[in-house]
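First chain written, first letter: the chains are A, B, C, D and E, and each begins at residue 1.
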Amino acid sequence: MSGVRQIARRRLLGDGLTLFGALALGCLLFLGLFGPWLPLGDPLRIAAGPRLGAPSAQFLFGTDELGRDFLPRVVQGIRSTFLLSAIAVAITAVIGTLLGLAAGYLGRHTDQMIARGADILFAFPALVAGLLVAAVMGPGQASAITVISIATLPLFIRVVRSVTLGVAGRGFVTAAEVAGASTLRVMLVHLLPNVMGAVMVQLTYALSIGMIIESALSFLGLGVQPPDASLGSLLRQGSAYLTIAPWMVLTSGAVLSLAIMSVNLVGDAVRDALEPLKGRPLT
Amino acid sequence: MRLIAYLLPRILAALITLFGVSVLVFLSLRLLPGGYADILLGPFVTPEARALIAQRYGLDQPLVVQYMRWVWAMLGGDFGVSMVTQRPVIAELLRRAPVTLQLALIALTLALVVGYPLGVLSGVRAASRRRKRDFGRVVGAMGASVPDFVLGSVLIFVFSVWSLWFRVGGYVPFGTDPVGNLRTMLLPGLTLSVFGVALILRTTRDTVLRVMTEPHITAAVARGATPGAIIRCHILRNAAIPVVTVVATYFGFLLGGAVIVEVLFSVPGVGLYIFNGLLNRDYAIVQGGVLLAAVVFITINMLADVLYALIDPRVGAAR
Amino acid sequence: MQPPVIALEQVTVTYRSGFLGGTGFDALRGVSLSVGAGETVGLVGESGSGKTTLGRVCLGLLPPTSGQMRFGGEGFGKLRHRRGQLSVVLQHPEWALNPRLRCGRSVEEPLVLTGVRAAERRERVAEILHQVGLDPSFAARLPGQLSGGQRQRIAIARALVTNPRFIVFDEAVSALDVSVQAQVLNLIRDLQERHGFGALFISHDLAATRYVSHRIAVMLNGEIVEDGPSGLFYGTPEHPYSRALLAAV
Amino acid sequence: MTARAQEPLVDIADLVIGYDTGTRQVRALDGASLQVFDDETLAIVGESGSGKTTLGMAAGRLLPPEAQLLGGRINVSGVDVTSADDAALRRLRHDRLGFVFQNPTAALDPTMRIGRQVALAMGGRPGPEAIAELLSRAELNEPQRIMRAFPHELSGGMAQRVVIAMAIARQPHLLIADEPTASLDASIREKVMATLGRLRAESGASLVILSHDLRLIARHADRVAVMYGGRIVELGPVVQVMQAPAHPYTNALLAAAAGNEAPGERLRPIPGTPPVLEARCEACAYAPRCALRQPRCEAERPEARRLAGREVVCHRAEAVIGAEQPTRQEAR
Amino acid sequence: MPGTPRTSLSALAIMAGLGLALPATAESVITWGKPAEITGFDVHVAGTVASWEMYQMVYETLLTTDDDLNLQPGLAESWEEVSQTRFIFTLREGAAFSNGRVVDAQDVIGSIERIRNPETASYWAHQLGEIVSMEALDDRRVAVDLARPHATFLPALAHITAAIIPVQEYQAGEFNPESEMLGSGPFMVSAHNQDESWTLLRNPHYGRDGYPRADRMNVAIIPDESARMAALRDGRIDFTTFENPDAPQMLGTTAGVAHHPIQTTNYYRFDVNALSEDSAFHDRRVRQAMNLSLDRDAINMLVFNGTSAVDYPVPAAFGTDACHDLDTYALPREERLARARELLAEAGQPAPRVELMAASANPVLVRIAEVAQQSLAEAGFDVRIAAVPTAEYLQRVFTDGDFDFSASWLAGYTDPSMVIQWWNPNFAVWNLAFQEEVPELSEALAAVRSVPDSPERDEALRDICAMIDEGANLLALVSKVDYVVYRSDQVEVRLADRTGSANTWQYIAEFAPAE
């Protein structure tokens, strides 16, 4: 396994597709983090321009049905969709990793309980779970985070559990057990650092799933609350006006797809770097 | 015998999972703010009317009693009645299941027919050329990046402005009018399949690459087998193993989770039924629908396990 | 006379497999074995004969299904009460050490667990690294930067750092190249002379085993079929299986 | 033995192969030369990293794409392996070569029954009798049962016999066996080697065994090539090389291996670690670990020369061969 | 349901399945793209327009309204107001339920009794006033006696919830109004696939000869606006409605698509919680400030593209200008804002934090909330919007009273003094959760109920408006316009310019496929 710096050097810069993904991700991250302080205009100001105005020099992405400038709305959408998913996935990764470690290392009843719990979450139709959670908790950021967590938790548990099963059989774990290390110590000192690679890879995939879920919830009107925008809510807003104001769906849809794609590409690169697959040619 | 020994613990685990799902869906529904009384009476709901409706549907009973009644009735095949239509939920679910199944099958077929061969091709090429910028990665990354509601919205727009052969909404059963049926079902199927293409392509590509690191492939090359023969005899079968699991999960997801696409394209499937049931607080529909989806999901995954064991002889023996 | 460091009497281990523990499989059947202080007992046998299971029983990682196990004449108790008294060196050098910990941290871990203070730990680590023939600067390296032989030395250093009474070497040299194997085998012999621990040396390689062992036990199908001084294995052992093993040397 | 008049079956000359690790290039072979003749068993001995597997796989051009040919040539059975096109190469592998791998279970397709795999290796459409016959030749009892089995259901020894049967299925001229017994239990290594040797003799093919186990090959090879630092440092008939090594490395290997020592005798490990080459080695690669080294050894690359019935790559070979047989220190 | 039509339908289905061409004269079919499924079958209970629209197809009421919202004969061909408390209705000759049985006086009495029965849980019981007795004078004549004058008694009977059901069959257990529909309206239900489609066949016993003109009406349930537009474009549906004012424009380029805005008495409204002490609106001055700073014109211009009209407590569609000169509507915006700030300062809450709730299912409500948020901010309000599912919105507002204020639209029915009763929490008991009782207002409202439409009533209404404005508890915003869009090349329609609630398709019997 190589360090993050080596991954960055060897993989990210070595290949155009990944470079594209990394650059796009960087731009989106920048817009997401610093969007509110950029001189792009107020995403919430109604009647800033004409209703459903086409893209122009003044309004690069056009205006929406309440005359709001669409460009700052898209930037705000990136912020909601991206940051919200990132927070949710980060929280889930911590919980899922700990549960996966416990399941993989403790085995037996703990494993059974955690595995069943993950199965239950997994067998629950994701979007129905999303609707239920959003309805119980009320629409908004907290429930979006919960839904993303529910949907991605089993991914982390499963991956961490299977990696843990592999690592737990290795010599250094047995040596630590024989030396009398406590279960917690074995899990945190010996297992955790060794599953982090797999967690990293899963993190990027979970992030892309998280973004899909967040935007899907917002698309159904269960995500961020108006007038704030998320890419999903902009799409919902735009899809009603597709025929006369196609720029709304096109801009927010393209940005959303680009965001997910850049996360996927970077995830691929991280995976390739951590676990290079080099099959042999058939000649 | 070995198959039974292999399946029995899985069935037990599945039952526990189902129990968990049933409790979860039951409780979360009861936690929802607002009930069917609100939906039926609109703003005119009074405490008396609310109590009357609760009594009519047994909602005034303690939760444990309600849950037990529900489970007991379900064991007898009675999923309860929809509060909106007063019709048995199970009949409606069974009527809609084939619609969802057809949608899922269209999506799955498209995803498999496109994703699997492309994945194999891309994996073999990637292994041979040691280049990461191959079409498999591009198609995979793009397919996984366009959410179904984005694609669906655009498709609806495109196909309704230029009214091409496809149609949005207006489902007719395949048995009644096969052509009309396909006109309405292909678009949502296509929308659903895009993610599946990417999923299957990526999984297949990874698996092929992984299989191609195995010594038995080198052994086959060393024996002078042609690439075609190696792919046919060794790679396809070995690479199918993880793909089976992914396909099962995807199929299960299609059967239980195609809500957005069904809503967007007005496809009267199970997802739409559950979605509307949830909006209407029609408890029996959501409970029954979610449970059915979970049963289907678990069963398909179990079938995948069996298939897995059939393809990979090591699995059954490992127990 | 001192009681043996570890003594097994009629130990049987049954693995349950299948649904609800349907069928049982005896990995060990009535095994009796003892290892004295300063003594190395070699345990040879083909894969699946129960060598590793026996090793795990001796380390307290696997409770016997039936039979007695005594440690220094007493009951074994729990592993955490035996901190610093037991250790193990295992087969794969690439997995012997936690790849995420610097070697010094790996070596000092048993000391941390026995509650030795930091200053003393540093001293002891440097000393033990010297004893296994490594420069103290190795403490700062990650396992990835080491060769297989070096890693196995670090693993031995970790096993010895608390001056344990009993060490299990489970295929500790099998994956090493001939020349490195010789280094490690010599190291084991020298260190045992110095520290006086009892050792169980598990291997399917009779040549390496008889080189480090005082006594050799041969396992076949979960039973010990021959147990005698290692000198015997340079001549003609009694059991036909032992003879077959010898033929391969 | 002296050079034979006949054409060699395998002729490898001054082969240089490097591996691209992404950050640098490591040389696995640094000018290896070797000839294999008809109807002989040649053992290539060396520790991990010495380049023996690279050499063996290069003979069938089976190296991964990271491996780059930097120089030299390989001729197998009249085919120039380095420049042959895919089809010619496939024909060569198919008709003339047979490979036996280190881990037999992994070398078999886990999802296919043995019978079908053997049939694929035999080519054409062999009947069950023919398959059973072939398996029997590889000393597998109950061939019918084995044909129905999957690889994971076989023991390592049985799987290796299956792999051997597949390797000889088409009467190859050359068998290359890479550590054929390393993953097997000690008690059956000897028997598997005997089977391999017998089948080679019956078919009249040549056998190249790659191994790190000097003692094992001593009993089964005609000639032995010792590799170090990507070169063949000593090559000659087994008896001569084993009894009177001419290269200090061969000598040290023999002294380090357990098994030959008398009870109580102490093994003599080789100090230091093997080299990792990034460019052509312009000195003796073994010099840093060699007790006999002289300034010349660190300044001048030794070339192969004939000495006492073998080829040796060492400036100090005379001193080695002249010395007494290695003695072991008394232990304790 | 009667068996014959269904059989013929399945025969048709089989023929279609076999690919047999149907004779062109076989059947005239119209298709309605319905935006929402019904919420229940019981015509006397369901309180949603989505349900009412479907009931209109199947059931009839004693009276109806015309284009000017004046009462017209319905199932009753005539009615006689014997006194302010006694009414006699005469049923139409030949009116029959779709099962062929003639509608009689007992059906009327039974239906009204069912509505009044608390067990039925019908919200309409209140609207009918206090009925003392009903008697069947003969098969076709019913007399109803009220305890006291009740001006909206007749308009209440013109609302679909007062539909006449076949009581004889109901009492015999042959007809269950909770799961079936059986009425004397133009159509009868032949098939229903929930959330998907309905098949309505012409009621062969419908009282008007030659009507309905269509033999069959297919109903496709298409909640998604884009999908509904697509269906209109490809001609799969003939007519539908949109809440989005831009829908006609979006369809503008499609050949054959025509649109027709219908002004309804329905109106968009804010319900303000005056009762909860957790709400800033507990203070009347804060409510008044909110009312003053609301920019209703902006809502009309931005959300409805100027196609709606500012609404007053008495919906604009009634054509009365009773309340227009109130400060809230008449003062220039700057002055209103200044007054609002003053009120907030007086109340000691210069920047009240309040949550505006809207049902997320209706994007128009959310847009209204967004515009309101910005206009209220100018006076210092800090408004947070919560778009929640309909069920939750309903429970929190009408049962729990757990909210600050909410956006919704409500039915305006067919008479100004009927809708204005909503400002009386003793009448509109469902408002008790958040509405403050103002005794003078309640009295005035009770009084106006017995005043017939006249200049005096306008005067009374003006006073009431002032009181309503003072309380700022239930605020009318703008009128609701139904944007009807239809394929003029496929269907002949008749549409009113103005309708009472849920009466969009009042002339459905006259719809027919275009020649």
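As a convention for this text, a residue touches a chain if its C-beta (ideal position, glycine included) is under 8 Å from a C-beta of that chain, and two chains touch if they have at least 3 such contacts.
Predicted, not measured: the structure shown is a model, and the values here were computed from it.
Participant: Find out how few touching-chain steps suffice to connect chain A with chain E.
Facilitator: 1
Participant: Mind listing the chains that sit against chain D and also against chain E?
Facilitator: Correct list: A, B.
Participant: For chain A, which other chain has the most distant CA centre?
Facilitator: Farthest by centroid: D.
Participant: Would you kindly say which chain has the C-alpha centre located farthest from the C-alpha centre of chain E?
Facilitator: D
Participant: Indicate the whole-number Å distance between the mean C-alpha point of chain A and the mean C-alpha point of chain D.
Facilitator: Chain A and chain D have C-alpha centres separated by 51 Å.
Participant: Whole-Å distance, chain A centre to chain B centre, using C-alpha means?
Facilitator: Those two chain centres are 21 Å apart.
Participant: Would you mind pulling out the distance in Å between where the CA atoms of chain B average out and where those of chain E do?
Facilitator: 39
Participant: Scan chain C for residues touching two or more other chains and write them down.
Facilitator: Answer for chain C, listing residues that touch two or more other chains: there are none.
Participant: For chain E, what residues touch not just one other chain but two or more?
Facilitator: Answer for chain E, listing residues that touch two or more other chains: 226, 229, 361, 388-389, 392.
Participant: What residues in chain B touch two or more of the other chains?
Facilitator: 32-33, 128, 130, 153, 156-157, 161, 218, 221, 263
Participant: What part of chain B is in contact with chain E in the complex they form?
Facilitator: 32-36, 38-50, 52-53, 82-87, 92, 95, 153, 156-157, 159-161, 163, 167-171, 175-177, 263-266, 268, 272-273, 276, 279-281
Participant: For chain A, which residues are in contact with chain D within the complex?
Facilitator: 10, 278, 280-281, 283
Participant: In the complex, go through chain B and note every residue touching chain A.
Facilitator: Touch residues, chain B against chain A: 13, 16-18, 20-21, 24-25, 28-29, 31-33, 123-124, 126-130, 132-133, 137-138, 140-142, 144-147, 149-150, 153-154, 156-157, 161, 206, 208-213, 217-218, 221, 227, 230-231, 252-253, 256-257, 259-260, 263, 271, 274-275, 278, 286, 289-290, 293-294, 297-298.
Participant: What residues on chain B touch chain D, complex-wise?
Facilitator: Interface residues on the chain B side: 128, 130, 214-216, 218-226, 229, 233-234, 237-238, 241, 311-314, 317.
Participant: Tell me, which parts of chain D touch chain C in their complex?
Facilitator: Spelled out, the residues of chain D in touch with chain C are 47-48, 156, 185-190, 212-215, 252-253, 256-259, 261-263, 266-270, 273, 331-332.
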